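Listed after this line are the structures, all set down as structure tokens.
Below, subunit A partners subunit B and then partners subunit C, in two separate complexes.
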Partner chain A sequence: MRRAGLTGLAAALLLGLLLYPLEGSGYGVRLMLQLFMWIALAQSWNLISGLTGYVSFGHVAFYGTGAYATGIVITKLHWPWLAAALMGGLVAAVLALVIGWPCLRLKGPYFAIAMLGLNEVLRVAASYFEGLTGGGLGLSLPTLHASVPIYYAMGLTAAGVTLLAYVILTSRFGLRLMTIREDEVAAEAMGIDTFRYKLYAFLLSAVGPGVVGGLSARDQGYIEPISVFPLLMTITMIVMALFGGKGTIWGPVLGAVLLFAFQEVVWARFIYLHQLLFGAIIVAVVLVMPRGILGVLQQKYNLPRTI
Partner chain B sequence: MSLVITPAMLGQVIVSGLLAGSLYAMVALGLGLIFGVMRVLNVAHGPLLMLGAYVTFWLFSTVGLNPYLSLLVSMPLLYLLGVLLQRFLVYRVVDAPELSSLLVTFGVSIAIVNLAQLAFTSDLRAVEYLTGAFVLGPIAFSKSRVIACAIAVAITAAAFLFLQKTRLGKAIRAVSQSREVAQVCGINVGRVHAIAFGLASALAAAGGSLVAVMVAIQPEMGQVYTFKSFLVIVLGGAGNYPGALLGGLLLGLIEQLSSLFLTTQVNEAVAYVLLVVVLLVRPTGLLGGRAS
Partner chain C sequence: MAITSWKLPAALAVAAVLCGALPAQAQAPIRVGASLSLTGTYGKIGSYQKEGYELCAEDLNKKGGLLGRKIEFVVYDDQSTPATGVRLYEKLITEDKVDAVMGPYSSPITEAVANVTEKYKKVMVSPLAATTSIFKKGRKYIFMVISPAEVYLEGLVDMAAKRGLKTLAIVNEDTLFTKSAAIGTAELAKKLGMRVVLQEAYPKGHTDFAALLTKIKAVNPDVIAAATYFDDAVAITRQMKELNVNPKMFGVTVGGDLPEFYDLLKQNAEYVYGATQWEGALPYPGQREFLEGYKRKFNREPVYHSASGYAGCLIYAEGVKRAGTLEADKVREQLLKLETKTAFGDFKVDPDGFQIAHKMVILQWQDGKKVTVWPDEVARGKARFPTPPWNQR
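Moving on, here comes the complex of A and B:
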């Protein structure tokens, strides 16, 4: 009975989101598009860091890579935008493979810092290879006059990444990842090829940001090194995932919705205090609620992992 | 960006590298101290350095205090701030997974940078005190860098003496070797943690005060030092205090050497690439023997 009610609610919500652009204002559509973006990003970070405990402190590197890959194939090869954004996801996954191969052998803070370094290196590279990226001047994409197609594509990406989280969390693969998180040495001793599973998770976690970066690049029509490799974006996705509950299916979604709404309603009025508040929220969430909202509920009410 | 390197150029690079490196070593020693004692990577280390620079700027522009004397104010002030940070925030995450301590210090770092922006605005500030250079044959030494180097060496030496000779210094080293054994021996670990955080912040402040005379001051100037300090302790071996000294000099030399071939912007990326390469080849640092 309760289950039927939940299914009905979910169906209504989905239908509402599908039909929204037909009635919604241009501003509303753009706002929802950004929310989808944050859901996809927070959920992607969750796939590697929430599940394996390996903190990716430079996950925006995949977003930036996707944005540039998309921008380059659109401007140089005149690909259609959707194919270009999928290309962005693919390039990000290949980068994850190349970077993950050495870096996932690093432990604890070393992995976090290596990822931070990767992002900085890519940012510098983006301004250095001027012929390809336009350097510091950036890259202008042909203008797109409607956000609605991007709205659907971004929504689909957010749903896809969340579905991926569901599939992983309910599979043996997910269990293995969580074993690595709890005790990597024990996991190794149990015969789990930890490196291989970490690499798979890392690769999967890069696809979403790659596609999202490509879609945002298309939507904004302009990319430059500092706008697509900002450290703060990594931090925002981490905080959203933490706030809702890392290592759960719906935690990153909940965190993204709440913090995004909070940001639109409250922070917009305090432009100067915006980041200060953000820093305070990070500290507060980590100290007071390290498991996030869903993590706390899960523990308190003994809810299943598939939440 | 020339292809021919003369001996004079090489000499200049070595001198500049050692001058910069001694400063890196002192600042990184602070970061290494916190990491060694608590296994916490303090991302706010650079922003604390920035606060040190503002203390110097502020005292210089309001009461005209000699920037080098302002070390006597910036270091105790930041020592106090470091102890407070440890006592009220960081102590809660010392035993938590790395993500927690990384994020808490990151949150602190965002807060410090933005408070500085509110208080001092984002305008570039300068302490115009010492300009010009000593010239020795074909090699020029910037005066402010020579003095900064001398003071940094003195402070680093004092810190080493403190760690080696005093009871408190020995207690700090004992805690970084084994917290449990130190505790059993009657060492107040909480107190040692607070003192180590305070000392580390004071070292960062000293770096900031010295840098204030050399470069433009702005709220975001610190972050790059967090990263450089991390690079230094990785080069030197995490938890290896003399290693930090060598790592600092090495970073200074590498940066200057690569500036012969590359533009400054790419030069920055060299440090990051180097960091990843070192981590991959020797995950415990170039001089680090034991795994952490």
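Moving on, here comes the complex of A and C:
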């Protein structure tokens, strides 16, 4: 009975989101679009860092790579935007393979630092290879006057990444990843090829940001190195995932929704105060509920560790 | 503990909703929306622009407002990011239903939000977007106020050519504005018969220019033109002295016009040319009123970002006044025809809304003071030329 109620609620929510652009204002559509973006980003970060404990401090590198890949094939090869954004996801996955191959053999904080470095390298590279990227001049995409198609594409991406999290977390693959998180040496002793599983998770976690970057580039119509490789974006997705509860299915979604809503309500009214409050929240989360909201709920109501 | 952390956001949310729901005034003011960079990379400059907008609204309201209504700005913070800017303009237009909009700060953000303002057919006077491409994409409702990056150093090159100098080295930070400035400078120099002997970019945040300056020293150009922001302008000047690089003229785009430039470099800033869109000392109409008003309201001297914001708002108001309505197409028509001079200088645009009348100013540091030396019609002194070698200053 309770299950049926939940299913009904989910179906109603889904239908509402599907029909929303028909009724919602341009601002509402764009607001939701950016919420979808944060859900997809926080969830993608969760796939590698929440599940394996390998914290990525440069996940925005995949976002930027996807943005540039998309921008380039749209401006130079005139690809349709959807194909271009999917291609952005693919390029991000290839990058993950290239960088994951050596870096996922690193343990502890070294992987975190390597990812941070990767983002910086890519930002400089985007300035440097100007024949392709426009360098510091940036890439100006042809003007698009409709954010509704992007709304659906972004929503599907967020849903897709969350579905992926569900599939992984409820599978043996997910179990192995969590074993790595709890004790990597023990996992290896049990015969798990830890490197291979980490690499798979890393590849999967790169696709979402790649696609999201592509869609955002298309939506904004202009990209430049500084605006698509911002460190702050990585921090925000980490905080969202932590706030909701890392290593769970719904934690990153919950964290993204709540923090995004919070920012939206507060920042327009309290321009300087909101950054202070946002910082205070980060500190509070880490101190009071390091496992996030879902972590607290799990403990209190004895829920399964994944949900 | 975990639960109480929710009360604050919830209370804020309720308060925010209440704020938004206050009843409108009987004689509704004209609400002009803008998002500006009040925090983030451009935080400081965006705030200067905001002050310009505010002073303009105050001045207009003192004179009876616009179309008989008061003017009121609705300003948000885009945190210096294009994505947020886009969302906020969408909010201003579709949610807050403002009567008009004014531009944000910086080229990247303007380029992104222009897609929104065009979609809703809103006239947007953009006082601080200098990149040519923004205005040359077939957009109909966007208007430029400042001179484009490409002509920032026109005066430097012009003065050099008139004094018979032949060779030029150009360096620039590798970002949109500075790069455009470098490209424009190279073209102007070639047009005036000068030879560009070196043209090189350095990445944003670069602090060590030794390699670059050594290269420049090797080709020994008459003129060094640097498309910079403040920090790199200071660093390049300092390292030119250390490496004893001695061009006959040396000018920078941004940085050289700020008092801090001299404070940091002291006599090493002497002879350096700086480019600026505007100076308080220029003999433009309304200048006194602007300077005094600004001083009274904000208790310090304005910078050109405030002046441009102020003038941009006046220009939009003039367009509305002439059109007699806020209707975008009619205001646009008037702005395209408008030829005027404000405290910021000349305004006239081509059919794309691209600025063609506003003149850059070149100044030179002389005995610790900024002296405008170009163009001739507003110059307050003569350029000290040539720049003597470092050991004779």
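What to note about this one:
Convention: the second predicted complex is superposed on the first by the 302 of 307 C-alpha atoms of A that agree within 3 Å, B and C clash if a C-alpha of one lies under 4 Å from a C-alpha of the other, contacts with A are read in each partner's own complex, and residues count from 1 in each chain.
Please note the rule applied: contacts are C-beta pairs under 8 Å (C-beta built on N, C-alpha and C of every residue); 3 or more make two chains touch, one makes a residue touch a chain.
Quick caveat: nothing in here was measured; it's all calculated off a predicted structure.
Contacts of A:E224 after superposition: subunit C is touched, whereas subunit B is not reached. When the two structures are aligned on the shared chain, A:G53 is found in touch with subunit B, with no touch to subunit C. Contact with both subunit B and subunit C is seen for A:Q275 once the two complexes are overlaid on the shared chain.
Contacts of A:S127 after superposition on the shared chain: both subunit B and subunit C are touched. In the superposed model, A:V296 lies in contact with subunit C only, and not with subunit B. Once the two complexes are overlaid on the shared chain, A:L175 sits clear of subunit B and of subunit C alike.
Residue contacts after overlaying the shared chain place A:G135 against subunit C, while subunit B stays out of touching range.
Touch criterion not met for A:I307: it reaches neither subunit B nor subunit C. Within subunit A, the residues touched by subunit B in the first complex and by subunit C in the second are 124, 127-128, 272, 275, 281.
Against subunit A, the residues of subunit B that register as touching in their complex are 41, 89, 92-93, 96-100, 102-104, 106-111, 113-115, 117-118, 227, 230, 234, 265-266, 268-269, 272-273, 275-276, 279-280, 283. The touching residues of subunit A, when paired with subunit C in their complex, are 25-28, 30-31, 34, 124, 127-128, 135-138, 140, 143-145, 216, 219-222, 224, 226-227, 230, 262, 265-272, 275, 277, 281, 284, 288-289, 293, 296.
The touching residues of subunit A, when paired with subunit B in their complex, are 49, 53, 55, 57, 102-103, 105-110, 112-114, 116-118, 120-121, 124-125, 127-128, 235, 238-239, 242, 272-273, 275-276, 278-283, 286-287, 290. Those residues of subunit C that touch subunit A in the complex are listed here as 1-2, 5, 8-9, 12-13, 16, 19, 38-39, 41, 76-77, 79, 81-83, 86-88, 90-91, 93-95, 108, 111-112, 115-116, 118-120, 133, 137-139, 173-176, 178-180, 201, 203-204.
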